[in-house]
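As written, the chain order gives the labels A, B, C, D and E, with residue 1 at the start of each chain.
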Amino acid sequence: ATAALLVTAGATASFAQDDDTVTIGYAVSKSGPNAGGSDMTVTPNYELWVEEVNAAGGLTLPDGSQKMIEVIAYDDRSSAEEVVRAVERLATQDEVDFILPPWGTGFNLAVAPLMARHGYPHLAGAAVTDKAPDFVQRWDSSFWFMGGSADYVDALTEILVAEREAGTINNNIAMVSVADGFGIDLVKAARPAFTEAGFEISYDKSFPPETSDFATILSEASSADANTFVAFSYPPHTFALTKQAQVADFNPPVFYLGVGAAFPVYPGIAGGSVEGIMSLGGIDPDNTLNAAYRARHEDVIGRAPDYWGSVLVYASLQMLGESIQRVGLDRAAVAEELSTGTFSTVLGEETRLEDNQLRAINWVGQWQNGQFVAVSPTGGDGMAAAQLPKPDWD
Amino acid sequence: MKTSYAFILAAVALVILAAAPLFIPEYWTGVLLGMTGYVTLATAWALFSGPTRYVSLATVAFFGVGAYTVAVLNETLPYPLVLLCAAGIGAVMALVVGLSTLRLAGVYFVIFTFGLAELVRQTVSWWEVNVTYTMGRYVFLPFEGRHIYWQLLALATVTLLISWAIGRSRIGLAMKAIGDDETVAAHAGVDVTRLKLMLFVISATLITLVGAIQAPRWTYIEPSIVFNPTVSFMTLIMALLGGAMRLWGPLVGAVPLFLLFEWLSVSFPDHFSIILGLLFILIVFVMPNGVLAKFDELRKGGRT
Amino acid sequence: MLELKNLTVRYGKHLAVDDVSLNVGQSEIVVVLGANGAGKSSTLKAVAGMVPASAGEVRMGGATLTGVAAHKLTAAGLALVPEGRGVVGQMTVEENLRLGATPTRARPAEEDTLAQVFEIFPKLAERRTQLVRTMSGGEQQMVAVGRAMMSKPDFLLLDEPSLGLAPIVVGDLFRALARVRETGVGLLIVEQNVKISLRHADRGYLLEAGRIIGSGTADELMTDNAVQNSFLGGAA
Amino acid sequence: MLEHVVNGLVLGGTYALVAMGLTIQYGIARIMNLSFGDTIIAACFATYLLFTAFQIGPILALLILVPTGYALSLVIYRIIMKPLVDRAPDEGALEVDSILVTFGLLFVIQGILLTVFGGGYTSYSFLNTPVDVLGTKVAANRLLALALSLIIGAALVVVLFRTRWGMVLRAVALAPQSAPLFGIDTDRAARTAFAMGGALAATGGVVLSMFQTFTATGGVVFTMKALIVVILGGKGSVPGAIVAGLLLGLVETFVAAYVDPGLTLAAVYTVFLLLLLVRPNGLFGKA
Amino acid sequence: MSVTLQLNNLHKRFGGLVAVKDVSFTLSPGEVVGLLGPNGSGKTTVMNMISGALPCDGGRVTVGAKDITRMKPHRVAKHGVARTFQLVRPLPTLTVGENVMLSLAFGHKRYWGRQARDLAEEKLAFVGLEGRGDEEVSNLNYIDQKRMEMARALASEPEILLLDEWLAGLNPSELKIGIDLVRHLQGQGMTVLLVEHIMEAVRALCSRCIVMRTGEVIADGPSEEVLSQPAVIKAYLGDDHA
């Protein structure tokens, strides 16, 4: 096996040096528990972007010449050790020109030191973390595109406060969260935010990620006298919570769920009854750039992107491409450009990073008439107004 | 005579392995690192599970606890002390587990240990969520791959030495006897309980240390990362493949299997599972008693 | 008639049974005597299909049985009580016995045979619901014989049935076997308890290092010098 | 209180349903089938495909997939397991071999599913309608799982303990070497049991797919949960699997309701470990 | 050299079944005593309780001045009590020699290395297995396995030996070898408790017999006397042996 390994290693190394192409490598979870997340938010966008760039003749360099993108993609099998080694391989064996990050907060952090050490700009597209400012200090060529939990929570709180004033909801919130980094980060931000806004958190529990039955949790939550139900959940939980809420006829005026509610398959899973459900993300249906992106995604990948992370990941790739166009393949220069430049992306004509973080993010979205529209930042460009209370389940 | 040759050979191999990171690309150091990690895990696992045939799936419980200890303490204690703490925690946990599982045998023990690993993971999760309010911890130790590799290499050497020493001692004989028939062993004067416990603790402590040493490599640690049951399964499969009853068995199982995994995932990232699965089935059919047994068989066959 | 013709059994290179020919008639008790390791058990196992014969033939009532799977042999009327008994320890006495009546041929008479077994081994009737595993060695042997009888065999092969049985039970067992024989069954018995087995047998064979070295009627063997010397320790 | 009992039983019914097939495969055919969960997932995907692409509802899918599961398992037994059974010198060897080979099989099934369906989350909605059980609203699809597990379980118990065929299967489970002496065709029994396990996995998959979100790589979770239930019940014991499944369902529900949902799984494992310590061979197991 | 083994009111229940009821007897040093009784009368259970394999429900076992009741088997072994098993139990992954070395390594002297190997060879030679220490156990035939088990028991250098049907399954000529071996031990002053159904062996070896029935001792005394008691004949021997 060793001999064979060396042969492949040699082979990949040789085309990496091919001057006509730009090699871009990534390791994503094609199998294992993280495959579901990667497969929705990260991998399709990487594929879409490469396909589009190559269809247009390749990446444009400052001198106007173009180079096709070669991709080296590995499966990290949802293991931290694998993802680290795969990135090491991309950096030191395949010597690729750029490395795209894996899916998930944990894995982005796992590879961050390596990317920094080897001088690769790290466009963390699918990682939600409040520590982003710290990380930017630590690894100055790291870029964070999904915001932090406080952002999402504050945006939600703002909406809740308005609804309470309008008399739509009472002062109680029932809140559940998945017991992993994502859920806990959010819930940790939510507790002080809600309390400071004068809300009472009358039910506040975390559940293990393996949980698949929510009958009891919802029945306890529904007896908490809360008009607001918030779940910081992952797709399997989001789906199960929805189905169970329908069965138990649990229909609080505010029904906010985590990852998965912004998936295009969600309405089908919920039996079509999604009107009024809120979650992270959301789009502006009138944004033509975004609409075009969604159409292309469906064309190339065969299915629609989700309404939250996908567009951010895709935008990060566009920014990478534009940076290369401006400064060439020098990674330090690209990092510098990412940090300081202004870009035209699916998010808007003037997308820029603040302190290496993308801040122009839609924090809260809501299903309205079959679309998952952004309702926050409230009053922002192209934002719809939240429509509450949520109507009855069909 | 033969032993001293073997020792010299092993020492030379060790020196070469230790010097390797200075000459090879970082990625290959990473491969060596991962491999050494699994060699240590499999050898340590086989220390207890090989002769006694108590198949343990608790590997990742100890591995994860080791990693977590580092994650929790790395900012408060000097690193060597952190490792010591990890070893201590692993040992104490193994003692408790060992004491409570003595009545179980066969598949009941197997699943018990699996359940145990899950329980540890759930408990750590719950503790972090509800008591310390932190899910996900950071390990910012200034280690590169090769630093971790050297530590693992040292641990692997120690583990193999322990395994070698036990294999030659009366304890090794007693462990094999326990694997065959505990009652007979007891009547022959073996304090079955104590011995099993001792070996379990040694094995678990070594496993804990592997987790502790590897932790800095991932920067970020949360239960779903460090308590990944795959670790238990891989360890088991590697040891069984090489032959868990022999000193070099786990090593001989871990190295090719690890390289195979690596090669497959590099060359066939999209069909890794299918190819791996088919190869696995093939291996079972071609080498029913593990790689070393197959070698023995071929050697014997060659002679006659 | 159960006939073994030139039966040979090898374990790898080791020749355990070497060209053995013998026969058992209906209502006949035939014993095979021999030292430990002489190949007695291997012979029985080969006949019952538990180990493959490397050469030779087994015929029962004219039909060739060589190569037939063990369970089919039982169904065809050949029952083996092996060394180590072959009972299901975690089932009850009654379940073991009833399981013995699995072959179709045994079904109709199941209740009658059961009654018969209980009559021969009253202890089993007392312990119908005890798990066989928890019974003493001797008790388990009774279950094993009873179970074999339940399959209504034409021929019953017993491997050291008296092993570990109290003297009184050994006597009872052989008397019971004699009664089994009266129902038309032929019995092929491997025994170390030479005296009592010859007392109840019609004929016998001597096996040494896998080969038949002598045979004769029970009476002949009883007084035979070779038997006297090697099996009865030269005593009277 | 009553509500939690109902919810607990309903949840436990799923566990029992999933575990029964495994306990039969392991108990009678002696195959420790690590790919059991992946078989379930495969059935989930098949149901999904039938439903979304061919408009064949899951109930009808049962009629198609259960026999398919049986037949495919027979084939798998023939091709992969039989040679191992034949060559195994003793039970321990077969156990090791079957662990290794089904570990491989797990990857094959997973790989096929990944190639065909991708790694994403899959879920659809069917029979997600409330049914009132003693004042608690329970999803019809989950109730179906409970009902099926009880019906199948009862049928299996009757077969195993009241019929000769069942006695034969149990004998093979308990003493495979001796079974031929009883005139039992062990190969056939093992084959049948393995295939029955496959059919039960298919049943579980069809039913689970109605309410569970599944991914191509999610089989391990089912395998391990099923193993926990099997072992807690006592290997090879169908009543054990049912009682253990229901018990764990109740434990989860009560802990979620009265203690903390975060501790449900911790509680399940604790109960599992404690019960095993008291009864080292499971609730219904015999030493 | 030997010590006294004393049982006082030993008691054992299995669920509802009283397997051993108030069994008391004493073995004097150097005595070879037959423990007889119908199948299931509790003989093996008594042996199990002496050797620590089963906990007693009541009663006391002493070796010399030492109370060994409820001791774990390995400690009982260190107090000079060794046993064989009713069905031979060789340790199959160990060689013949290692089977014996195990007892040497964990007996009270804890021999190891060269010395243990030599002693193992010595014990094997004693039972008639000289030169076979390196063989696989599976190469041994039945009687040789029995011999090895005896060697293993002797290797822990016991003063009291419990033999549970050690002679069963031997043919008459092999039986003679076995009987001679036990006699040899007797000559060395070993105290032996012998459970046996082969009456030739009992008559040849035991000066004294204890007979059990349904868990109780029904006779204890010189063999001749005991074996001719009507109760013993009725319960155990049958008319054939009368």
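We take it that contacts are C-beta pairs under 8 Å (C-beta built on N, C-alpha and C of every residue); 3 or more make two chains touch, one makes a residue touch a chain.
On a predicted model such as this, the values are computed, not experimentally measured, just so you know.
Student: Which chains lie in contact with each of chain B and chain D?
Tutor: Per touch definition, common to chain B and chain D: A.
Student: Computing the C-alpha centre of each chain, which chain sits at the greatest distance from chain D?
Tutor: Taking each chain's C-alpha mean as its centre, the farthest from chain D is E.
Student: Report the inter-centroid distance (CA atoms only) between chain A and chain D in whole Å.
Tutor: Measuring from centre to centre gives 35 Å for this pair.
Student: Calculate how many whole Å lie between the centre of chain B and the centre of chain E, each centre taken as the average of the chain's C-alpha atoms.
Tutor: 43
Student: Rounded to the nearest whole Å, what is the centre-to-centre distance of chain B and chain C, using the mean of the C-alpha atoms as each centre?
Tutor: A distance of 51 Å separates the two centres.
Student: As a quick test, compute the distance in whole Å between the mean CA positions of chain A and chain E.
Tutor: 74
Student: Mark out which residues of chain E touch at least two other chains, giving numbers and ranges.
Tutor: none
Student: Could you tell me which residues belong to chain C and also touch two or more other chains?
Tutor: Touching at least two other chains: none.
Student: Touching two or more other chains, which residues of chain B qualify?
Tutor: Those would be 122, 125-126, 129-130, 270, 272-273.
Student: Following the definition at the start, I'd like every touching pair of chains, please.
Tutor: Every touching chain pair, ordered by label, is A-B, A-D, B-D, B-E, C-D, C-E.
Student: What part of chain E is in contact with chain C in the complex they form?
Tutor: Interface residues on the chain E side: 14, 37-41, 44, 86-87, 141-143, 165, 168-176, 197, 199, 235-241.
Student: Tell me, which parts of chain D touch chain C in their complex?
Tutor: Contacts found on chain D: 164, 167-168, 170-171, 174-175, 177-186, 286-287.
Student: Looking at the complex, which residues from chain B come into contact with chain A?
Tutor: Of all residues in chain B, those touching chain A are 25-31, 33-34, 37, 122, 125-126, 128-130, 133-136, 138, 140, 144-145, 214, 217-220, 222-226, 228, 230, 256, 259-260, 262-263, 265-267, 269-270, 272-273.
Student: Where on chain E is chain B touching in the complex?
Tutor: Within the complex, chain E contacts chain B at residues 51-53, 72-78, 82-83, 85, 89, 91-94, 98, 101-103, 105-108, 110, 112, 116, 152, 155-156.
Student: With touch defined as at the start, can you tell me which chain C residues reach chain E in the complex?
Tutor: Within the complex, chain C contacts chain E at residues 33-37, 84, 123, 134-139, 141-142, 160, 163-172, 192, 194, 196, 230-233, 235.
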